[in-house]
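Read through the structures below before going on.
Heads up, the next two complexes both have subunit A, just with different partners, subunit B and then subunit C.
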Partner chain A sequence: MPSTPQDSVFDSDSQDRLDRIIATHAGREGPLLPILHDVQAEWGMIPEEAQPIIAKALGLTRAEVYGVVSFYHDFRDHPAGPHVLRLCRAEACISMGGDELADQICRALGIGWHETTPDGRLTLEPVFCLGLCACAPSAELDGKLIGRADAARISRMVAEVRA
Partner chain B sequence: MRIFVPIDAAARALGADEVASALEAALQDQGVGARIIRNGTRGMIWLEPLVEVERDGIRHGFGPVTPEDVPALVAALAAGGLDHPRALGPVEDLPWMRGQTRLTFARVGVTDPVSMADYQAHGGLAGLRAAIAAGPEGIIGQVMESGLRGRGGAGFPTAIKWKTVAGADGPQKYIICNADEGDSGSFADRMLMEGDPLCLIEGMAIAAIATGATQGYVYIRSEYPDAIRAMTEAIGAARRHGMLGEAMLGSRFGYDMEVRVGAGAYVCGEETSLLNSLEGKRGVVRAKPPLPALQGFLGRPTVVNNVLSLAAVPWIMEHGGAAYGALGIGRSKGTIPIQIAGNVRHGGLYEAAFGMSLGQIVMEIGGGTASGRPVKAVQVGGPLGAYIPPAHFDVPFGYEELAGKDGLLGHAGITVFDDTADALKLARFAMEFCAVESCGKCTPCRIGSIRAVETLDRIAAGDGDAIPILTDLCNTMKWGSLCALGGFAPFPVMSLLTHFPDEFTGPANARKEAAE
Partner chain C sequence: MKDFIIPDRDMGTPASKSDVMVTLNVDGRQVTVPAGTSVMRAAAEAGIAVPKLCATDHLEAFGSCRLCVVQIDGMRGTPASCTTPVAEGMVVHTQTDEVAQIRRGVMELYISDHPLDCLTCAANGDCELQDMAGAVGLREVRYDAPKNHFAQRTATGPNPEYRPKDQSNPYFTFDPAKCIVCSRCVRACEDVQGTFALTIEGRGFDSRVSAGMGSDSFLSSDCVSCGACVQVCPTATLVENKVIEIGTPEHIVKTTCAYCGVGCSFDAHMRGEEVVRMVPSKGGKANHGHSCVKGRFAWGYATHRERILRPMVREKITDPWREVDWDEALDFAATRLRRAQDDHGKNAIGVITSSRCTNEETYLVQKLARAVFGNNNTDTCARVCHSPTGYGLGQAFGTSAGTHDFDSVEDTDLALVIGANPTDGHPVFASRLRKRMRQGAGLIVIDPRRIDLLETPHMGMGMHLPLRPGTNVAVLTSLAHVIVTEGLYDEDFIRSRCDWDEFRTYMDFAADPRHSPDEVEKLSCVPAGLIRQAARAYAAAPRASIYYGLGVTEHSQGSTTVMAIANLAMMTGNIGEPGTGVNPLRGQNNVQGSCDMGSFPHEFPGYRHVGDQATRELYERIWGVPLSDEPGLRIPNMFDAALAGNFRGLYCQGEDIVQSDPDTQHVTSALKAMDIVIVQDLFLNETSNYAHVLLPGSSFLEKDGTFTNAERRINMVRRCMTPKNGHADWEITQMLANRMGAGWTYTHPSEIMEEIALTTPSFAGVSFDLLDRVGSVQWPCNEAAPLGTPVMHLDGFVRGKGRFLHTEYVATEERSGPRFPLLLTTGRILSQYNVGAQTRRTENLAWHAEDVLEIHPSDAENRGVRQGDWVRVASRSGETTLRAHITDRVAPGVVYTTFHHPTNQVNVITTDNSDWATNCPEFKVTAVQVSPSNGPTDWQRDYRSHSDLARRIMQTAAE
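Showing the complex of A and B:
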């Protein structure tokens, strides 16, 4: 298989790691999503090379596995930056100025949704509700939740993690 | 002395972890002996982080607390006092707490969420014991009498679903808890799973006895890592205690369960899409029949219930279906955990019997907008629910009552908007959301929503002739969609068009000026 730079995360000892992940879940009812979550946790994406191996192990076709990977917003076909900022775009956050906040952040970072800063350090993702709707607008930086978010605070936190 | 600092995600988003660390340091510095317990949230999110100090069995509140407030608070405690600028008095005496009928959320905010000992000290397991004594038919009888209806949106009677599964044959039956909670404005499932996960486990165990199911799954959205952690820990604690397993509490009933994590698809909250997702497939909606009750997970008889439906059951089994059914109005029986969100002064969770007026909830409990400006409208029931303006605030909070206003109770989330909200933008958002989240199975939803976004853009550019096209598209989606994603997305749009027609007509720049 021709190797593209994106796929290179899957190297020679990756096969072993993947086999171990598959073995952990093989006996479960409906093992595919748990496997894909673990694969993404391991490689930061679902490497293309992993898909036929998973398919074979579960008795599925490659198309079936690809179909599942592409259906869900969580599964990535290329890695995110080492830092991920997620901004909530849903209604409760809109009611508290979420749209304006998103505009400010996009301008400050110079990127749009699903994009990574030119230095490759930070990826911006939308999210539709974090369940923090009573302290909107909300955001999440590298898993840390932020309630009543404002642009100054987010920029400060982003600067800290990028430093 | 015990000091409580919530571990709920909303409290953490407002700095509860930093407050807990500051407390630990200050207690050590000042040589004060106290144990810090991380509890769930009481639901008064505007007071978070809400620290509680227990004295003579009474819990005194302080909030919202910042790390900077902590040294003075600890100094006051060390001196034997409770004086502090953030002091709120006994938490149970606050109007927000006194006004509620907290049945499902009785323990949330009170206990250590994953402590089996705390759980039992506060009434936990009484429902499961009663259920074991009552047996399958006895349980279904009590749930029937309670009038409990599904809290996930459709309002289907829970007992009837359970009876169908109980009567179905299969090598294995399942209890599946729908914890996908994708609706904006909703967070009750999250709060319960983080604050009292054992209650949900108990409810699922009772459902298992009622139906003959032996395996369960909680399908939690990936956006809720804290809930995933709390549920996983609680399941472990329940197993060690013998609450789950081959002989639950030493009875003849066996049942076990595990957590499964979604992957960021709103439509997977729809029960058949959820089943496909659990099976490891694309989350495409299945046609009904067959009913999931008869052919659900892996084609076997399956109960799919929302978190709140299942978590209401331990109380019902402990106190009897009649006591639950005595609360509420019309066909909306019992209590409903109302979530008040968005541009609101007092946002949070408020559990009360069905029947308060929407106006009472928004203006009295919620205290109006956070901005202090007039309320323009509230969206009830998540992204598929209608926007309701203050002129209709007399509507009682109940399934049929809201449906009578073309509204939706849904998961009982209410999102408040002030008068700066842009009706046209909100309408566009509703359709954009539908387009992004559509499972793709039916054309009116998949394509119709994209056309609707384009049509709304034409309207925004000043093309009034596009309004009838939008109305037509909405009708096609309403009648031609397989599930409520495509079928209900027109409701928020049409409600905005009905209540704020001026914002959809007239030149685009006049509209812009009005908004400024």
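Showing the complex of A and C:
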């Protein structure tokens, strides 16, 4: 499948898809975040073109929507790979060898933070606390938590999902 | 000297409006303040400055900078003084060892991410960060930050955190390197301006101020360049380019903006005779420290190179201009005016007063006509804008002006906006209305076009009645129909304030089925359901106000519409208390004043008829000459008389009638038929193409006087610099009058105001001394109301009982038909002002470089017109070309444009239809056809060539 150039993520029928998402949240209190979650689920990111449309529908301005989108690290401005590995970078995990673990994983994958493997399958993200400090260092792969993580275990799991 | 005023001190947080008083102790001083006041403001009231960065009295407290922490007895920790309200008996310590240490620590962190280039910084000497570093005694910064936002390069290469300056806005620069992320700018954009163009992107260390989205610049964002962000920025992050260019100002002159009818008060920050920046005055009662792009930034025209600084004359309008001295120009003008009178009679000459000039100047020009010319041939541009307001409100209430002050909008529960576009025409008022809308007030807009007010962020209920141009009376009478048939009227109010029997007659009239929403839907295209909803909402709102503009008045039934508006307000009891009222949004800075000053041919100053013997005798006594009791010619009559050969000379001060009056070809033929046309203006304009004498005018920065805004507020205009042309406008009128034997001896505008006060009852108490003392007053200002009258008709109408006038809808003769199937209506845009003579000579062109024709997608498609195409717009009167902008803001069948640029000459196509009562032209409805075009019309080409010819100035040898 040819890769889609980034500027055409939001194409002509995207407007209809977006309108449908906005409509499902009509009348709801505080609809912005649920809409943004659905948009990210639909496009794998929050396309900039979508932000003025959402703003208009909700009686906001595009600056306000952008302020919210940029506030949350989980809202992406470009799509991630189909699989996402997140390594905890917070204090407890660092004290339990998180830095070394991160170095090993980066080396093993050949990518840095926020980058995607050359095959486009996996994106590596830092995260600040997964709430799993008792089992530090911790990680998360596709939403599944990994406690007492080590390089070998993570590499094995990553290999499974990339296969 | 009273002109040199120290800037108002920033009290930290806005004043509380509570009438419950609270006494507390701050650093050993007792202070009594209204409940709800912040500790910070209370301290300021006691003369104690608490250090602060994110707080300013323009904005609600935010509590983010942590510099204003204090200690309060009995309270734990160190609360922020900006967000802590006062309490009875509170004991506050603003300076303790503990808070001193906290403040120094906080400042150290701020400064660790701030460049230390203070000496070469644009905010040097005017930087709150610098001041606070001094106030907290910062002596060292211990942190060597691993990352910063201000250095362009790090030891290893470009600094990824650094962002270059955003210089996209022509008036100010955004330098992210200087930003301390106090959010003042974002809050000003939201709370004060109501545009919500700014945000804080990211979070933590990545937090930055962003205009619009990631890819936007200030210019491409929603920013309307009001400058509120620049005004509140405590550092050099947002700073006027003029300050960067010139440096800090050294004195301040308080004056009044010369753009729209809001009449904002400004502090002109001067260096010598040069304006560095205009800052809206916090104490300005119309604007309370806010302004728009025009007032704050677009004053560069005053020193524009195209300004005419020497008088010029010529024999024929095809001759080139000859620069002459004042004596020769005035002699030439006076001789020709007198000759026209000798040859064609006393009534063969007249004047047009300016709504841009001061009250004093306008008074002199009409006095010139009445006392020196000996006729009443005086008129003003209000003829073409709000003359129906004067007539309609005069008939219904007894005064020819708006009923309320702008502050009243803070109390309104519902605003009915008719034929006005406040965000563009009256931006500062729009910001105040939007603020009220965010607090929950409803909005009903009756306008052919979906105006920006309907897209106010965070607004509550909004309703749009998109009527066909020309059907105002039908729709308003239909609203009345719903109110009377559903029994929604306020009987108590009507019985006590109006004539009940008269109302009963009106009720029968309005209740007739021909006014029912279903019938009116057929004429107006407004769905009947919407009319009913709007009527119910207006009647049900506890305090409903009406604001209207030229979309009401510039119609063949303009006066009837004004009366219909007055009827609605009276029948629902929406008159006489704050939050209600009928308020015309008047176009020009002093259009109210020019009407008050007797610019009309039938009225002396103060709206007293020339036939009224007592008034005439008063003026005859003061002026020492006999006066005519015959009303003079209105502007359109002057043109007609000129074409008939009876009207031969015109003195036109500060108005470009060729561009602003309807049916341009009629106007230009009339001017060509005159023997002497004297134009007094800052620039060569379209009218001066037909003039024989050009007297260079002076700008508002160069003279003393007063302007009267839309809320009847008389504001002082003060001279900031010497007139570049040598004389203020009032001096020029006096010199001309004296050449004609007047013998006037005014030495200062204050003497003219004394004469106005002496002869005009509603101005009896007004004097420059009073205005210097209290800032401004709203007329009537007399013995009964020595400080003026903010809200009129409080307990009774000026005329006694409010009057219900029947408002029968009569369709305009200007109807769309097969040849001209579309209806053209005209309006304004924010960045340009009126005919654009001033704003086109400023950087405001960045926002509106040309007039465009708004057309609905379906009408465009039918005609094969694409976005940006040149189109020909033709009416029965003429044709012009401009570019098309396809949008659904206008309904199918309606097209819309602005008239700011002379090359398009939209008024070539407007017709000579006018209001039945006042001759106010029907600018707002013209039947047109639109078709694709390749370029300018023949008329545009001919006009250009005459214009080029008429603007030649003969090169004179240096003396």
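By our rule, the second predicted complex is superposed on the first by the 158 of 163 C-alpha atoms of A that agree within 3 Å, B and C clash if a C-alpha of one lies under 4 Å from a C-alpha of the other, contacts with A are read in each partner's own complex, and residues count from 1 in each chain.
In the analysis below, a residue touches a chain if its C-beta (ideal position, glycine included) is under 8 Å from a C-beta of that chain, and two chains touch if they have at least 3 such contacts.
Keep in mind it's a predicted model, so treat the numbers as computed, not measured.
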Ask   = For subunit A, which side has the bigger count of touched residues, subunit B or subunit C?
value = B
Request  = Mind working out whether A:Ala26 is in touch with subunit B, subunit C, both or neither, as first, second, both or neither?
outcome  = neither
Query = If you stack the two complexes on chain A, which partner ends up touching A:Ala108: first (subunit B), second (subunit C), both, or neither?
reply = neither
Task = Once the structures are superposed on A, label A:Gln51 by its partner contacts, choosing first (subunit B), second (subunit C), both or neither.
result = second
Inquiry  = Once chain A of both complexes is superposed, is A:Ala152 in touch with subunit B (first), subunit C (second), both, or neither?
reply    = neither
Request  = Tell me which partner A:Glu91 touches in the superposition: subunit B (first), subunit C (second), both or neither.
outcome  = first
Inquiry  = According to the stated criteria, A:His37 is in contact with first (subunit B), second (subunit C), both, or neither; which is it?
reply    = first
Task = Mind working out whether A:Gly67 is in touch with subunit B, subunit C, both or neither, as first, second, both or neither?
result = both
Note = Overlap of the subunit B and subunit C interfaces on subunit A comprises residues 64, 67, 71
Request  = Name, in rising order, each residue of subunit A that touches subunit B in their complex.
outcome  = 29-34, 36-37, 58, 64, 67-68, 71-75, 90-96, 99, 127-136, 138, 143, 145-148
Key: Complex contact set, residues of subunit B against subunit A   = 9-10, 12-14, 45-46, 48, 181-187, 190, 215, 222-225, 260-266, 277-284, 297-298, 339-344, 347-349, 370, 379, 383, 413, 415-418, 421, 425-426, 429, 433, 437
Query = Which bits of subunit A are touching subunit C when the two form their complex?
reply = 48, 51-52, 56, 59-67, 70-71, 77
Task = State the interface residues of subunit C toward subunit A in the complex, per the touch definition above.
result = 195-203, 210-216, 221-222, 455, 457-459
